[in-house]
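Both complexes below contain subunit A, partnered by subunit B and then by subunit C.
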Partner chain A sequence: MAPSLIRSPVQLPPAEALAISQQAPAILQSAPSAVSSSILSKEKSELWIEYENLILSCLRTGDERAAHQCLDRLVTRFGEDNERVLALRGLIKEAEAQNNGELEKVLKEYEEILSKNDSNIPIMKRRIALLRSMGRVSDAASALVQLLDFSPTDLEAWSELSDLYFSQGLYPQAIYAMEEVLVLAPNAWNVHARLGELQYMAATASGAGNGAYQKQMAEALKRFSRSIELCDDYLRGYYGLKLVTKRILKDSAKPTKQTDDGDFSLPDTRTIERLNELATAKLAEIIRHSSANDRGWRGYNAAEVAAARELLSEDASSDIKR
Partner chain B sequence: MTILSKTITAFGGILLAHACYSAQEHSALHSLRVATAASLTSSSTVANSLPIDVVIETIVATFIILLGLVLGTRPLRPIQWRVWAGKIEREGEDGFKDNNGEVNKDYMGNPFNFIESRPNFVDIRKQRKEFAEWVRTGGGGQSTR
Partner chain C sequence: MAQVPVQTIHRDPQLFYWILFPITIVMILTGILRHYATVLMASAPKKLDQKTTREQRSLLHGMQVRSSFHALSKRSFNSRRDALITAYESGAYLKDPERKGQPPANPMTDPSSMEGMMGMMKNQMAMIIPNTLIMSWINAFFSGYVIMKLPFPLTIKFKSMLQAGVATKDMDPRWMSSISWYFLCIFGLQSVFNFILGNDNAASQMAQQMGQMGPQTAQMFGPGVDPNKQFLAEAENIAVVDHYSVLDGVEDRLLEGIRV
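For the complex of A and B:
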């Protein structure tokens, strides 16, 4: 069964994207080609989201014809000048561009639209994405900072900024941007886990001093713990917790100087050991249930489960060696 | 579960209909009796109350219908954040199906997923390249599953 079209298809694996775009002709045929905008017509708002997502999937699989058809329908409903329609049109042009010259042309068009209306956020986002895609990362970063200057509650943009910094190896900036997301969405368990991952990577990256290292590890530990607190049986959170506690326990074998930074000091070894045991037990439970394909345990990503299994088996083999 | 609940509800409905019918018959008979009694003795002090068994039957029927309906509802949604979030992660779409096996309209997975997938910043050219690569390395064969 193909996944629902209501949800964004950006993160789907290729097979599912293909399944969606293969549905496109059927969907285009079953839905009316023009919907009147009167109150009496039975217009579903989901339909337009479906069209947008269909465009994304079709472009990915190279079915430009269907993408154009979807766009035409959005145009007949919302008009040429709608901000999102403009952004989708740009997206299609980006996908169809063959060389750098054509991409430059698309970029010019974006800038033209922005010079007329510089608060057109979808186009601004497209421009940033295109700059990044063309490898002009510093331009993308400054444009993104500009966007966040007048729209500081844009979660997506903060997250993009974090990812941009992360891709450049600027961990402190990436962490700062992710913390900004967390301020806006304090209950988002995946953001907590992501922040934990960033902090773990920042800590383990070479060049971090001992004090900074400890602080980052303690922070990562806290982030993963929070993500588990917000979400029962969160594979990603337990995986991170296991990773961090394992690392801390390995390090604590050699003596380290305790920092006097009270807020970020690590909990005592016993607590960390218990956290490690908890994570191991939970991961084992998740792996067991999901490899048996038990009812009620089918939501996990197979690749994530496989990674967790690998982590646990690594752990087991090192235990035997010890 | 659904068969059981439907039978119970139907049984309750029959009981309730029977109680209604009894009540109706009783009141028809009663009014006739009162009318004849009034014409004979010209005193109408007889209380117009239903017999106790009809009352009990009505109440019991109501509770049986309630029981059937309650048994037939889907399990309630979790109201604790972590339980609800855990259900999304653990069960995926399976956990949010109604009686007909269709996924609820308002189910959208992890509502914070967009923060990480960032659909408005999608790098479509990279995605196209990755897809082409996937097709070239023989991924297309798997899609027929």
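For the complex of A and C:
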């Protein structure tokens, strides 16, 4: 199945991105270079999204000429000063930059644009991304916080902030930012699972006290459960659930009964065992179907399936040892 | 039983070509013209500066927190609630905190809201002027004719609607006068415009009137609304939320719901 150009190509594996960018000449040729504004021409907004996505994939695969052509068409339609066009132009410049000095120059341009118009969100985001890729993480974080101060309903920015904090090992901040994403998209199962992963890592990484550890493990367990509840057969959710329950059972520390409300406490051991069994069975099912390439079970990420297989085999070997 | 004799009126077939078609075509053309006039006159949406954006989005953020509190744990929700209420009540998100508590400025004197009103005026004019012109054109040239017979029977109530301008008591309501055809065109051409101009056209005034009644969200940040009052109301709304979490008992629900 050819990947659709309407969807953002950011998540695509390299092979598909290459396939898309190889279509670029055909697409550029089939669409008229300038849209006439007569009654008869039906201008479709999908076309412009396609151009944007084409730019992204072309830059990824190094086809800068096609990227420039797409950009030119966007410029003829929306003008030089459109916020998104500015951001895309900046993106192309970033991609073409050969060394750090040129990147600095692009950064200067962004700051110049922002000094003229301080609510240009696409450019602000480009600047943050550039700062991060140049390794100035703390600058990027403070710029993101500034952006979120005046636009706290920006889901993308919150998740980027969460990722940024996570890369610095600041788990509580990362969890807070991820919770903000959840506030804006309360039924996103991948966000629930991600939050569970963050809680799990926070619990296992720090030398947190027993109370905090258990609370975080309990919440991680519940987050993974919720993500599965929202999306059946969600591999990451089951993987996380398996990981968490395994860890809790291995600790076999007596769950300290917390009575203060407001925090989650672990369910009883019987429930955890059943959850563990459920996750194991489901993971095995997913692995079996997906490696047999059954109808309705395609589309799992191969790396994730391999990781799940490894987790299960590890589990089996430890069972034998016992 | 006596059969009611079918009324027949001998019309000049030329009436059909010289009245019915011209009215329809003129209506369609005015619709298209109005669409393009509206497109041309539309002013670009005004850019919001950072402070206004902040004010509006902070309020939206509060609403989001209130409506999806169940995704958060109690501790996280409480900390957000406290922070939001404190900020809302102190007016930290206001565009200009000094003017807190003062009555909102008169929308007539505020240039930014004047622009919005001008836009509305323009739209209204684009509707009223062509309608008046066509109406008087039809009245001057075609009033008093019966131009067509509808292919389906109607009750007597429709007489006043379909035979405007023809004062004949006993005529079957299926007969239609030119003015009535004009009104029918006003209401019935929406789908034709959709076909020609695409879905979000500005050709039909019916759609515009619907639009004015419809969305309340546009009014939320409109002129003359005191943001401080909105913030205080939202703070109260958040304060009374009775928190529960979807995570309560989720593992039991999962074990109940999923069988391998």
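Simple rule for what comes next: the second predicted complex is superposed on the first by the 305 of 322 C-alpha atoms of A that agree within 3 Å, B and C clash if a C-alpha of one lies under 4 Å from a C-alpha of the other, contacts with A are read in each partner's own complex, and residues count from 1 in each chain.
The rule is simple: a contact is a pair of C-beta atoms (placed from the backbone, for glycine too) under 8 Å apart; a residue touches a chain by one contact, two chains touch by 3 or more.
This is a predicted model, so every value here is computed, not measured.
*Asks:* Answer with first, second, both or neither: which of subunit B and subunit C does A:222 touch in the superposed model?
*Replies:* second
*Asks:* So, does A:183 touch the first partner subunit B, the second partner subunit C, both, or neither?
*Replies:* Only subunit C; A:183 stays clear of subunit B.
*Asks:* Where does A:100 make contact in the superposed view: on subunit B (first), on subunit C (second), on both, or on neither?
*Replies:* Neither partner.
*Asks:* Classify the contacts of A:150 with the two partner chains as first (subunit B alone), second (subunit C alone), both, or neither.
*Replies:* The second partner, subunit C, only.
*Asks:* In the superposed model, does subunit B or subunit C contact more residues of subunit A?
*Replies:* Between subunit B and subunit C, B touches the greater number of residues in subunit A.
*Asks:* Going by the contact rule set out at the top, does A:232 touch subunit B (first), subunit C (second), both, or neither?
*Replies:* both
*Asks:* For A:19, decide between first (touching subunit B), second (touching subunit C), both and neither.
*Replies:* The answer is first: A:19 touches subunit B but not subunit C.
*Asks:* So in the superposed three-chain picture, is A:117 touching just subunit B, just subunit C, both, or none of them (first/second/both/neither)?
*Replies:* second
*Asks:* Taking the superposition on A as described, I'd like to know which of subunit B and subunit C A:313 touches: first, second, both or neither.
*Replies:* The answer is neither, since A:313 touches no partner chain.
*Asks:* On subunit A, what residues does subunit B touch that subunit C touches as well?
*Replies:* Residues 187, 229, 232, which sit in both footprints.
*Asks:* What residues of subunit A sit close enough to touch subunit C in their complex?
*Replies:* 39, 42, 117-119, 149-153, 176, 179, 182-184, 186-187, 192, 219, 221-223, 225-226, 228-229, 232, 261-264, 267, 271, 274-275, 278, 281-282, 285
*Asks:* Enumerate the contact residues on subunit B facing subunit A in the complex.
*Replies:* Residues 81-83, 85-95, 103, 105, 108-110, 112-128, 130-132, 134-135, 139-140, 142-143 of subunit B touch subunit A in their complex.
*Asks:* Provide the residue numbers of subunit A that touch subunit B in the complex, in ascending order.
*Replies:* Touch residues, subunit A against subunit B: 4, 6-8, 10-11, 14-15, 17-19, 46, 56, 59-62, 87, 91, 94-95, 97, 122, 125-126, 128-129, 132-133, 155-157, 159-160, 163, 181, 185, 187-191, 194, 229-235, 295-300.
*Asks:* Which residues, counting only subunit C, touch subunit A once they are in their complex?
*Replies:* 32, 47-51, 53-54, 57-58, 60-61, 64-65, 68, 70-76, 78, 80, 196-198, 246-247, 250-255, 257-258, 260
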